[in-house]
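Below, chain A partners chain B and then partners chain C, in two separate complexes.
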Partner chain A sequence: MSIDKHLVRKASLEKLFAVLKLQGKTMYAPLLRNGKISYEITGNFADVTIEFIQTTQSAKVAAFPRTEKLFNYTKDKEGVSVKDFDPNSIPETVVWGVHPCDAGGISPLSAIFNWDYKDNLYNTRLERITVIGFSCNKADEYCFCTSVGGNPGGVAGNDILFTKLGDSSDYLAEIVTDKGKALVNAAPELFEAAQDVEKEKYLADVPNRFNREDIKGKMEAFFESEVWAEQSMRCLGCGACAYVCPTCACFDIQDEIHGKNGMRVRCWDSCGFSMFTMHTSGHNPRDIQSQRWRQRLMHKFSYMPDRLSVYGCTGCGRCSRACPVDMNILEHLISMQEIKK
Partner chain B sequence: MDELRNRAKELLESNTVQLIIGFEQGNGNKTRAVFIEKPENTSKLIFDSRCVQNLAVYLTKNEVKRKGKPAIVAPVPVLRSIIQLAAENQLTYASLVILGITPESKLVEFSTLEDIETYLDNFTLELEAKEKEILEKIDKMSPEERWKFWINELSPCFKCYACRAACPLCYCTRCTVDDNQPQWIPVPSHELGNLEWHIMRAMHLAGRCTDCGACADACPIAIPLNLLTKKMREDMKGQFGEVKASLKGGNMMSTFKPDDKENFIL
Partner chain C sequence: MSEKNIYLPYLMKVEKITIEAPGVKTFKLKFVNDEDSNSFNFAAGQFGEYSIFGVGESTFCIASSPTRKGFIECTFRQVGKVTSALSNCEEGSIIGFRGPYGNKFPIDQWKGKSLLFVAGGIALPPMRCVIWNSLDLRENFKDITIVYGARTVNDLVYKHELEEWNDRKDVRLITTVDPGGETPDWKGEIGFVPTVLEKVAPSSQDTIAIVCGPPVMIKFTFPVLYKLGFTDENIYTTLENRMKCGFGKCGRCNVGEYYVCKDGPVFSGKQLKELPDEY
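After this line comes the complex of A and B, so read on.
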């Protein structure tokens, strides 16, 4: 569909938030806590932060919660009865205030959750999510969206994308999808006729740092290289990078047992953990951290484009910012370009 | 700095060690761990007030051990961890070279682990005013308020286990949280799962934690988790006297002495 454009005043944002809240939508928005920003459910616009380069955690939590119930079960004399989690109980949700690199994570996430098995829970959550994005007007040294097919004003994945028009308190609103249109229809008075604006002028400058197809080729050619160990010696093997990533989708299935009742849940997991590939025999095919680090990069830059036709990195830089030991994905990708052995 | 670089270079050239574990300049204003195997690369070594990661965490990693005998750049918090690791039979004096760094950033070397212990007696661990204030505030809370405080602080935890990974004393190859038959701690990062994980982590560090702060520094979402370990140190101080890493005498919470106070047992 063609993208409708409107002008929205700053004061109208709060009104729009209130209208959506009144409609009963669950509102995920960036909230500040202990100096870090993450997407949490809130009803209070005053608590919402919009001025940031990037949140610590990604907005994937709305479509892929860190823990979600799959079913309940009860054991009795007759046997076991199972009650599936009812996807109809998933509320209509708005994810407010994502940047294009987060909205861009929806496509790789969806590819994973629909690879062969169509994941009903993920798909239902996503169906009920409306994404309200904000273009980036500033970036930092961790950002590299333009090197991985994105851009600071990219509309992909957004239902409505706002771009702040410089120091004025006006926003350009691009209505990207039918879901976006539905939101406009909920409060049409807030969406004024658009003036002719040159959007690019208001976007952050994110220089292109590498060619991802080249990197893909290098990684595949140098699978056995020492470079992986050199890069990852200091890696502690925690899951911070995976858990803040907008596209990491690995999970673990666990049972929560309470006597004769129980619940099966899906929890986030990370290929950085040593236990991730541990076999019941005790053998671990990814025995050392360098193999796990290689897996993380290969999965995003080789396996996903090969199998799912989509790269698994949106260049948001969250993993580098969150890493306690300065494992910097951009630095490592750039160094891959130079790799000779 | 030159002193450190020269000594590191000498150690590699003479093949006294095969690896230097130290700090280098990282991205932006960050510093980070560096692993140097070639004498010519020792010029990368730096040390300044930004170098706060506890490098002792690498001493027990297989990837590092496979490189041969290491020398480690060790400011006071790292020295404390080294003593605790030695007390727990995870290393010996002969297994590494310790490049001690004084608070004035001068190189200091020791001829025995006992010498390090004596040196560490110069530095007592005291709570900072701000830490004291918050611990007192928590102490004054009613049980309900305290419960609410911790649930609120711990609820954003997504169990990336960076706290565990950054701690030199969390060296178990298999952590209790990774056991699932039986499962001791709920795996999901829900309220109960988070609470049980952090209480278990703190309890396993009781009497062992050297208060380096690596856990809280590593937390990507800035949960003040070292408040738990700090509080435990304070409580133990009150019950048993000074808490410090010690080569003799074992860990406070796993050692019985006939003259231990027993008035907490009903």
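After this line comes the complex of A and C, so read on.
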């Protein structure tokens, strides 16, 4: 479908937010709390910030919550009774202020949740989400979206994408999908006719640093190389990289019970944890941290493209920013281009 | 959105508990709802998630044969949180089960061939399913040989069934225990499984070898099988990678581009060679 373009005044953004809120939509938006910016549910536009290079957590949380209820149960002397979780209780949601690297994360996430069994919970959440993105007008040294098929004004995954037109208070609104059109129809007066604008000149400059197909080939050829150990020497196995990643989808299944009322949940997990693969016997197929680092990178740059026809990295750079020991994925990927052993 | 919640387990009643070895029990499980029982089907080699509400889920194979309907069995060793809670169950307790998941042993393709089962320790349960499956269809196969070993005599599981197999004329059973694990009246072999396998040297002629055991046993058993003339195409094993969901989402059993829960747990020796050494 062709992308409709409109002009939206800065003051209209608040009005649009209010209209959507009034429609009863759950609004996820980036909020600044204690020095960190994360996507949280809010009704108050004044709390929303879009002046950031990157949020600490990705917008993934709206489609794949950190901890997600699978069903409830009660357990007492009489036995067990199970109460199913009703996906219809999932609200219509707008995720506001998403950067293209997070919107671009929807494709790999969806590939994982749909490659064989179609995950009903994930799909129901996603169906009910409208993504309102904002192009990036600034970037930092951790950003590398252009090296992994994205760009700072990429529309993929967005329903509407806003691009701030320089220092003016105007935004270009690109209406990418039918869901986006529905939002426009909710407040058509806010979407004015667009002038002929060239949005590229308002976007952040994110240099292309490597070729991901080359990196894929190198990783496969150098599976047994010492490069993995060299790169991960200081890795603590803390899993922070997975928790901030917009495409990491690994999860654990746990029970939570208080008195006789319990629920089973799925919650984020990380292949960086030693326990992730440890057998009951104590045998661990990925026994050392370098194997786990290799798994993380190869899953994203080799296994996913091979199996799911999509790369598992959008170049958001969060893993590098979050790493407590400053392992920089971009540097490591670039250096991998050079490996010969 | 009326689709059934895939994470919702069947409620199962623990019908019978058998103590197999120190810390090892077999549960015979019956579906609480008859409809579930009637619609449930599985194949030899598949597995499931067994759960205690309030504690969590644990992955084991279905240890009973699909030829025996109306119930399933699982055998587990009490080691962690969930298996400890399972172990505390009594007959009549209600537990959760979801499955079956994974692929199956290609038992249909083995018609007319001889079968050699090689198992070590607690790895007999995943093989017991396919052993009984083939014994219940005995006329489909030529010779059936079982080589089973454990650390000690006490650690051998399914002792009654071992006796039964031993007494059958149409099965050749060789049991062994690790050196030092024998009792004064032990009549079986003494030695590690690969060594004993080489000694008893079953024919590889027109034979499928099905191997299951701890990684160290697998590592030493494959070369013996090659020496006996088996090829990778005629060797099958079942992997035990840690799992959570069972259907290719949670990422835990991912090895290379494969998911043990979907592409396995049954792999031929040939398929195993395509996997990175992370199992």
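Please note the rule applied: the second predicted complex is superposed on the first by the 331 of 341 C-alpha atoms of A that agree within 3 Å, B and C clash if a C-alpha of one lies under 4 Å from a C-alpha of the other, contacts with A are read in each partner's own complex, and residues count from 1 in each chain.
In this text, contacts are C-beta pairs under 8 Å (C-beta built on N, C-alpha and C of every residue); 3 or more make two chains touch, one makes a residue touch a chain.
The model shown is predicted, which means the values in this text are computed figures rather than measured ones.
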| item | value |
| --- | --- |
| Chain B versus chain C as contact partner of A:88, first or second or both or neither | second |
| First, second, both or neither for A:66, with chain B first and chain C second | first |
| Touched partner set for A:276, first chain B, second chain C, both or neither | second |
| Contacts of A:79 with chain B and chain C, given as first, second, both or neither | second |
| Chain B versus chain C as contact partner of A:141, first or second or both or neither | first |
| Which superposed partner A:262 touches (first chain B, second chain C, both, neither) | second |
| Touching partner for A:3 - first (chain B), second (chain C), both, neither | neither |
| Contacts of A:182 with chain B and chain C, given as first, second, both or neither | neither |
| First, second, both or neither for A:250, with chain B first and chain C second | second |
| Common interface residues of chain A - those touching chain B in one complex and chain C in the other | 252, 254-255, 257 |
| For the chain A and chain C complex, residues of the former touching the latter | 70-71, 73, 75, 79-80, 82, 84-88, 112-113, 115-117, 119-120, 124, 223, 249-255, 257, 262, 264, 266, 269, 271, 276-281, 283, 285-286, 291, 295, 299, 302-303, 306-307 |
| Residues of chain C defined as touching chain A within the complex | 1, 3, 5-9, 11, 51-57, 77, 79-80, 83, 94, 96, 214-215, 240-242, 244-245, 247-252, 254-258, 262, 276, 278-279 |
| Complex interface listing, chain A residues touching chain B | 33-36, 38, 56-57, 66-67, 141, 229, 233-234, 236-240, 242-244, 252, 254-257, 265, 267-268, 270, 273-275, 288-290, 320, 322-326, 328, 331 |
| Contact footprint of chain A on chain B as seen in their complex | 26-28, 30-35, 53, 57-58, 61-64, 156, 158-162, 164-166, 173-174, 178, 180, 183, 186-190, 193, 217-224 |
